[in-house]
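All remarks here apply to the structure that follows.
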Amino acid sequence: MPENGYVTPDTDRIRVFITGGTFDKEYDEINGKLYFKDSHLPEMLALGRCHLELEVRTLMMIDSLDMTDADRNIIVEQCRNAPEKRILVTHGTDTMTDTAVKLATTVPDKTIILTGAMVPYKFGSSDGLFNLGSALAFAQTLAPGVYIAMNGRYFVAGRVRKNRQTGRFEEVRD
Amino acid sequence: MPENGYVTPDTDRIRVFITGGTFDKEYDEINGKLYFKDSHLPEMLALGRCHLELEVRTLMMIDSLDMTDADRNIIVEQCRNAPEKRILVTHGTDTMTDTAVKLATTVPDKTIILTGAMVPYKFGSSDGLFNLGSALAFAQTLAPGVYIAMNGRYFVAGRVRKNRQTGRFEEVRD
Amino acid sequence: MPENGYVTPDTDRIRVFITGGTFDKEYDEINGKLYFKDSHLPEMLALGRCHLELEVRTLMMIDSLDMTDADRNIIVEQCRNAPEKRILVTHGTDTMTDTAVKLATTVPDKTIILTGAMVPYKFGSSDGLFNLGSALAFAQTLAPGVYIAMNGRYFVAGRVRKNRQTGRFEEVRD
Amino acid sequence: MPENGYVTPDTDRIRVFITGGTFDKEYDEINGKLYFKDSHLPEMLALGRCHLELEVRTLMMIDSLDMTDADRNIIVEQCRNAPEKRILVTHGTDTMTDTAVKLATTVPDKTIILTGAMVPYKFGSSDGLFNLGSALAFAQTLAPGVYIAMNGRYFVAGRVRKNRQTGRFEEVRD
């Protein structure tokens, strides 16, 4: 029972899987390159004064261009085995649509939201905090299915592409 | 029709009403006080790479502790008259629950989300961008009704209070 | 002896006295007011990758408009008694020139730099980090005397005023 | 004559030459790489409420690892030909010491300060603003010579190296 003494019907616990992506890239001041250290997700949730019941796990910390089939299988297995019905996956934007399609064909009956960022959270101009807020809201409200949350919107897996010229996600029709 | 050539079913235009609140407070470096100048909403939407179809209007720029019945009537009228079915209201957190109750009893058949921030957007530690992301997502997905979006969650008008000790919004039961 | 094994002639230790001021104001998210908690100076020095030998002491944490003669006497005594010949005082900008004059008439033979900020460090738009960098540089290079470091410049105590319309410090002649 | 009606003896105009370096690196959200666009120097000077009389010129926008002899010759010529006696050069940290030595042997009778940043200004954790403040202060106060301003300190050209393990600048003896 939550601390305020009331049962809160909308707080089915949400599982959060971290996989890396631009979201979590850091600047290495010794060699001048971007790299992964720890996830910024806990810091971002604290900044958002987020009081959802979350269960956060880091599955990998990689650029999504480097994501292999084996990596995607791990994500699928973890989503399938998680006891929660609502799942958020943080993910690099470059192959986010591929992972979404794979999840859509392998994990039924759960609401799975993939989100990421165009600019690292630690860069002042990052969209990460905005995307995280919207993704967690979509995770609470959308029907079972796999979705991408970017640009303030949600897109159904298999019907979305990242426009590589503009950096925007766009709906595609069959 | 949107620029990608497809009709996007989830982009019923959203109306956004700005009323001020901590969200939009600025620091006046001449007198050392917090004050209102222009809204930061456009800047925040740009930062979030938000590509929702929005219609933004500033109704007032005030601290919600200074909000009068007349001010609330303006918000009610504007929500009632807006052609959009989905509305976001940015609002100071101190009396946000009062405005929510008033809207719930006067504006039926629309999804109205109120959100704000505990810390001004221009302060590094602001929850504003996170809240804006979640509020816009809730505006797209929740059934008609009036809700408050704070702390990553949504609360039904009339069943929520701001805990003045912790600064958190909490659900209340009858 | 410093860690690189060489005696560094320009690192006469600098004493830093913290007295509060806009520099260190925080936003209290419970009551919406600005207040003092801990100084941000250690965080700012870390951000600046500052490797000067500093001895930092907090004397008070107050708005300089509230600074009394007794408070100024404490600053004078501390500057007089410090073993270091070079001193930095962080101070609210409103009465910084008064404290500078008092120090100039009571503490001879030391280089004392007063600095502050027009906007709290925690606000994104703060001049604090820039001012701290310049003040520490002036502390290392100026001859004994009392100076104010603001707007990228240094001003001799007794020959400077804060322009209350523009917020800028300006030189004044006799 | 400055706007306050008084001649300010410490405002010999300072020449600022921009050459690029980490200071000015941006994140390209389309390809995920760091790159150069425009210099952030004007924005940083505005943030610092800097009211020094400066003459700013961009000579190049490059990573200092890519700086050739021809590039260094341009910097030397520009420093030699500038009418100002006090010069600030923003520069990548990797070969900053090389350029400093070259300037020390070719441009006598001027105070030349080189500075840069370990982390891009646009990253929240940048030392850039602190370094800029200290470099401009050193430019106003040090005797003719060539210096590097980093880590809150100044180092004489030819007697300083960048420690590639720690990222710190250290004094070296003959």
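To keep things simple, chains are lettered A, B, C and D as they appear, and every chain counts its residues starting from 1.
Keep this in mind: a residue touches a chain if its C-beta (ideal position, glycine included) is under 8 Å from a C-beta of that chain, and two chains touch if they have at least 3 such contacts.
As the structure is a prediction and not an experimental result, all values here were calculated from the model.
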| item | value |
| --- | --- |
| Centroid comparison with chain A (C-alpha atoms), farthest chain | C |
| Listed pair (C-D, A-D or B-C) duplicating the A-B contact set, over half by residue number | C-D |
| CA centroid of chain B to CA centroid of chain C, Å | 40 |
| CA centroid of chain C to CA centroid of chain D, Å | 24 |
| Chain centre separation (chain A, chain C; CA means) in Å | 44 |
| Touching two or more other chains - residues of chain C | 118, 124-125, 167 |
| In the complex with chain A, residue positions of chain D that touch it | 22, 27, 29-30, 32, 34, 63, 94, 118-120, 122-125, 164-165, 167 |
| Residues of chain C defined as touching chain D within the complex | 4, 6, 8, 10-11, 44-45, 47-52, 118, 125-127, 129-138, 140-142, 149-154, 163, 167-168, 170-173 |
